[in-house]
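So, here's a batch of structures to check.
In the two complexes below, subunit A is the common chain; its partner is subunit B in one and subunit C in the other.
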Partner chain A sequence: MRNKLHALWRTFFGDSARAFGSASVILLLLLAIAPAKNHFSQWRHYQKQYLHLIRGRADAVTLERHFQGGIQQIWMPEQQVTDRCTTCHLGLKEASLADVSSVAFREHPVIPHKLTEFGCTTCHRGQGAATTVEEAHSATEQWEQPLLPAKYIEAGCGQCHLENQTGTPFLNQGRQLISNSGCTHCHTIKQADGTYIMPDDDPPSLKHIADKTTRDWVYAWIKDPQAYASTATMPNYHFSDDDARDVSAFILAQSTPLQPPLQPPLQPLKADAKAAADPAAGTTLYGQSFCASCHAMQNAAGMMVGGNVGPELTGIGTKAKPEWLQDWVANPNHYDPATMMPHYRFDAQQVATLTGFLESKTEPDFVANVHLDGATPQQIEHGKRLVVENGCASCHEINGIKKPENFAPELSRIGSKPLNQLIFVEGVEHTLPGYVAGKVRNPRAFGPSLKMPQFKFTPQQIDAVTTALLALTDRAQSQPPTMRIASVQQTKYQPAGNAGQLMRDLRCLTCHMIDGHGGDMAPDLTWEGTAVQHEWLTQFLKNPETLRPALIRRMPKFNLTDAEINTLADYMMTVYQTPEFDRDSLPVSQFGTAQVEQGRQLFYSKFACQSCHIADYKTDKGYIGPALAGTGKRFNAAWVYRWLKDPQALRPGTIEPNQHMTDDEARSLTAFLMSLKSGGAQEAMKK
Partner chain B sequence: MASTLDRLIDQVRENRIWRSIFRSGTGESNLHRSLFVQQNVFLHLFSVKARKRTLEFSATWYLGALTFGTFLILVITGVLLMLYYHPSVPQAYVDMKDLQFVVSSGVFLRNLHRWSAHAMVFLVFAHMFKVFYRGAYRPPREFNWVIGVVLLLMTLLLSYTGYLLPWDQLAFWAVTVGSNIASAVPVMGGKMRFLMLGGTAVNANALLRFYVLHCVILPFAAILFIAIHFWRIRKDGGIYPGESAAEGDAK
Partner chain C sequence: MKQVLIAVCAVTLLMAGCSRKSKQPALLQATATGTAIVESSGGKQIGYAGMPLDQPVVVQVNDASGNGIAGAAVCFSGPSGVSFTPASGLTDSSGQVTSAVALGQQAGRYKIMASTRDASGKTIELNLDEIVLGYQQTVGAQLNAQYCVRCHDPESTPQRVSNMDNLSVKPHPFTEGDTLNKMSDADLVAIISHGGPALNKSPEMPPWGYTLSKSDIAALVSYIRAVADPPYEAGGLVYAQK
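On to the complex of A and B.
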């Protein structure tokens, strides 16, 4: 054996010439490794597999013609995209490959964008430049952004689309949650278009909290806000009993009395004979005032009924003091000038009835176990420190404490945060989505000393918030502005003058929208002055009735005086006019009976308007659109005509279809509609 | 067969073109051999004759030659890498990715350059230890030792400037730390750092500066000093043959 080895050695390295020759051959072989590795690369293997796949298919010829060998890439330098994904993913554009079992070669699901214009990593992340499976898809030593898990994919859309899209419900929900949960009170989020995500949760001022509620309630509330109201936005700070005691002590101690001070409850009125005779009066008034449009309340069956604009009222009697409730119902502006709640102008009787009704909505269990002794100065001092440390003033106005700036880390680029700047804990997946979701799910798991409180999110909501946060990337910030679909700017709009004063007092914009500002609970009033007649508007403000047969909800009655109604109507008739046309440009007098009759034909036969609208309460049953029986009293003919010609031009987004009527048809239909002058629904029913 | 090959070689050597390049012509005589060395621009740096003892492995462990070998590899691979590299902030790291993923044998090229650089640093040190422990630095070779020290510095600077070029985190922070160390020098530290980076932070100017240093200034300076280093071997009496042989010379 030894001899053989020795002989072998002598053959190849016996003398210097042989050794040189052998060494050269070995070196050559070693050098051949590099080109060999090049030749047997992964992507070539995938291209071979793809060819094998398509050759077995019916449309092999077409597919083969589309196939291009070698490394493929989508290159968009100004967007920093160099995506070589299409080197292996060869069937992305082949509709006939939608059924292929291998994900690598399947057709891309239909999206509104061209792959060649947007690339792959723009939405999916991963390493576009890579040509190996591992490097392209995963987080490796040199690449921190792996493919985004499919459930967060809408984060890709959110980088450019700063406004809501119908195709991205998850992203929209996440953004909504971020502003509704008040995340941005503490965290700054500056979007790529320079706008900031503003909080939309409206946390109350605590400057006069002692006028409103008791220390017991405050204690129980900060221990667990959701125990009081399941819909509460305030997160849980997990205060210990002692800390909650001290915080409640300070919160009550810093409160100053309202000016002018609250009046004692009007006991005589509460015991009024009429109210006592009708125990349901409170419920009725609550219903008639449409409180439930904004406030939710748990009914006897434990179901939550009502809107989410205002706070839940299930336990309001336990929370609010009677004198405060009375003051608030009478005029909310007194306690909170910035509230969204309208000033209802209830009379003394109504105030007493509603206050009594609300007082009866109690949750005695909530504060039953709270037994607090009087607060000591040390406790108040300690409470103040806790309030400062926990950033309570980021959301609430508190006497003597300034709103801290940048209390929590800015999140404008959280979606591109390098992993090496994050601290992970046990049980949190070592990826960016894992970290973000973990933080949203249970912030205190990252360290007991961290300040971020616990929000009550469902797993689905956590994923939605994570999606919205992951959309805040470096790419979103750095890409060319032309790529961006900007967010809708919410600026402040203030109607002017006496009428403006009145409109603010009534909080019209909580429900109505004017020129893009305001709520979406009630019709857009931007061009109301062109649309309606002065007389009708005055009547409506005096006694609002529902215009839509399918809706029970209507505008609440505000007990306005005639003078106030005139001010409002005059203002709206003058200011809220479209510049497109004159409301008096089509006088009713020029319509003849023949035209009216022709319009009736068109209404009932050609366009079958009665499927959605009511022209005559006796015969028609349409309930999708508003009743038109009173059109002649309500609208101006010019508006009706224009509306018939192109509804979307007057109110973008309306579901009224554009029937593409001829001028004559629209004119006749207008003539017919303007001849309808019956009263409202109630009046019609009476007849 | 051997004779055919010999004849062919002779024919080539006698060719006019060949003779115009290598003027010494063929011949086994010492004159021919010495002329061949003297009249070659590269070889004339070396002496015509060398002691047999100095060519043995034990004399030098061939460390100097190996160092020069790695330097040649570095020049060749470096020039090839320059074909794929832009010294600009948005492009530099992208070029690394291109070398990794789309340039044929790009990874091999980068690795060859990187490992040769490591090997060169190691070999330079080994070479200097060998010279030091054999006492080859002593007069009359003390100046060449100094040149050697300068070449060590060149090697280290080449390594350091090359480190920034991939423009990754490792590079960025290494140079940040390095330049901050420079700024700790008394009196002129801040100025030195500014000069080094072409600004106050590691950014586009620093990248360009390091690129020019790495690819132009330092390599040419190194070649110059290598030439002097080789030439001084001849001028200082050839490779140091060892203590006993040196004493023998003196006798």
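On to the complex of A and C.
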């Protein structure tokens, strides 16, 4: 063995010539390491593969002309982009490579931006400057931001687009959920445009809770809100039996009686009268008042029917005391001046009927197993401590407890949070999306003493909320403002004077938008005074007719007095006018019968309006748009004409297609529509 | 050296993956075997990249007379990136197995498979298609829901009553590949932009070219192509098991 080694040594380094030669070879080899490393580098391998791929294709010549070897880079210092992704992703701009199965070489799916506009990492994250697969895509010790999983990709859009976009349904949904679930009662979220995401869940004040419900109900509710109403947005705090006992004790103890106090029920609604009262009358009044536009209720078949503006009413009889229900139905302002619920002007009989109907909607099982003894002072004291510790006053008004400031961490930059500032637990993926999704899914898994409660989200909702949170990045905050598309903020518009007071009492803005303030459940009324005729508006407020037969949400009847109706109609006709044109600028007297006839032809043949609208209840059936049989009594001709010419100019976002009519066509159609003067749907159906 | 190691790892992993796949049904200890496997629900859903499908996939194993049988082992599989929870199971008393499916990270059509063994040990397969929409198709899907679906979809919900019955000429649901696949992209753009008369069809199909942008209409076309059944030939990528 030894001899052999010795012989080998002699062969290569035996004399000076041999030694010199061998040393040179070794040196040469050492010098070759760097170029060889380069030569065998991963990206070269990809470029070779790419060339191999394109050479086999029909448009090889074009593709080869586009190909550039070596390290490629998109560099945009002001946007902090240094992306070398295109070194390997060589086919991103090649439309003919849309069918390639390898993601590395495929055309980038169509998006509204050029790839060179924002680079890659702006949306996808990852390490742009890296040139190996591992470093570019995965988290490393120096680089914490791995590639964003595809399901959260809309977070990329949300960094600049603070308003809703058609192409980002999950981001939109996530932002909506953050508002609707009230996340921002506790967490501050300041967006890059300086606006705040505001909570939109309207949690009730608890200052007079004892007038409204019982301690048993409160106990059962805080144990499991969704057991009472599957649609409830209040999260679950996982209180122990003892803690729930003490919290309910305190909540009831802090309650003060309403002023003026509730009246005892007008009639003995509870027992005998309920049976005596006509059960159908309640159902009918509930239906006629369109309570279901805002409130959901489970029907006999177990289906949830109704809107989600107000709370679900399936078990309202178990929750609310009869005297409170009666007071609330008569005038909700008494108990809660800030409620979104309108003040229907029900007469005493109607109040009794509706109260009886709602009292009969019970869920006795919900409180059946609650057996609480009278509360001791210690329990109340302990309950108060729990209420403070859990930040209940972040959402609810509670006597003697101030709304805590910054109760939970601010989330304005959660999408860039360094991982070393986060505490992970088992079962949660060690990435930022993993952490955020884990927190949204099951916050208490991160430690039993943590305060964040458990929300009821479906897996898809968790992904949506996570998407919206991941959009809140450092990049979003530090970008030049010109790149930002600001969020749409509501104005503070309020109608003025007597009419304004009336409109607030009726909560018109809960459903209608006026001057950029209000709900989106019913038509925008900003220009209603230009659109409609005074006489029609008066009639409509007196007896809201059905304009859209296929709609379940409708304008309720508020039982207004004539004087109230006049106040409203006068105000709307005077104030809600467009500056663009005069409502009287197209007198109907101009139209001759020939023009009406021509309009009729256009309506039924060229434009086939009857596929969506009803002009004549006997022949037409279309019900995507409102019925037009009463247009001549409802609208002003100038409005109809302008609408036909460009519907989106009068109501942005309306789905009525712009038919690109000539002036003559629009005029004839207006003549025809203004000649339609039959009554509303119900009237027509009766005929 | 590193490369060799990686290669070795990859091969081992691959082998492990394959063997696990083929062993699974055996591990389950089937107590019965059927002669056919059929879809109960969950095929042809439209989903989003990397997200679970709205509805689980439910398949049923039947005996020779077409009745569901309990205790048969069913194994789900799909192209890489598709996950099933659970990936295999025994049929319940009605002969069914339910699995939640999350599709891959790329837009396209995913071919997934449910299989069981018959009495002789032969594998019987059921193939299902699921669709993942990309960005452009998502835009199309949203626009469709807003502007088109009430005329083009015969199905009604309380929130969205179908208008199809009110039309004298019945439009086609966009999934009807037999009709829509025969129309060229240019024809689709023409009828959507300029209405039925552009193709000598009914004016009950309105023109959208002055309401929607060109890219909106391109998005609608790509959506129509993506959901066609049978599939549109140039309708994008198909992911199937190798």
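In this section, the second predicted complex is superposed on the first by the 638 of 687 C-alpha atoms of A that agree within 3 Å, B and C clash if a C-alpha of one lies under 4 Å from a C-alpha of the other, contacts with A are read in each partner's own complex, and residues count from 1 in each chain.
In this section, a residue touches a chain if its C-beta (ideal position, glycine included) is under 8 Å from a C-beta of that chain, and two chains touch if they have at least 3 such contacts.
Here the structure is a predicted model, which is why all the values come from computation and not from measurement.
In the three-chain model built by superposing on subunit A, subunit B and subunit C fit together without any clash. When the two structures are aligned on the shared chain, A:Pro260 is found in touch with neither subunit B nor subunit C.
By the touch criterion defined above, A:Ser611 reaches subunit C but does not reach subunit B. Rounded to the nearest 10, the angle at the Cα centre of subunit A between the centres of subunit B and subunit C is 90 degrees.
Residue contacts after overlaying the shared chain place A:Gln659 against subunit C, while subunit B stays out of touching range. Once the two complexes are overlaid on the shared chain, A:Pro149 sits against subunit C while remaining clear of subunit B. More residues of subunit A are in touch with C than with the other of subunit B and subunit C. Residue contacts after overlaying the shared chain place A:Pro448 against neither subunit B nor subunit C. Within the superposed three-chain model, A:Glu135 lies in touch with subunit B and out of touch with subunit C [touch as defined at top]. Of all C-alpha pairs spanning subunit B and subunit C in the superposed arrangement, the closest lie 19 Å apart.
The residues of subunit A shared by its contacts with subunit B and with subunit C come to none at all.
Partner subunit B is touched in their complex by these residues of subunit A: 33-35, 37-38, 71, 80, 82, 84, 127, 129-132, 135, 142. Per the touch definition, subunit C reaches subunit A in the complex via residues 48-52, 54, 105-107, 134-136, 138-139, 142-143, 146-147, 150-151, 158-159, 161, 163, 165-167, 202-204, 206-211, 215-216, 218-219, 222, 236-237. Considering their complex, residues 90, 94, 97-98, 100-102, 104-105, 108, 168 of subunit B touch subunit A.
Residues of subunit A touching subunit C in their complex: 98-99, 101, 103, 109-112, 149-151, 153, 166-167, 169-170, 305, 459-460, 463, 550, 552, 605-608, 611-612, 621-624, 648, 655-660.
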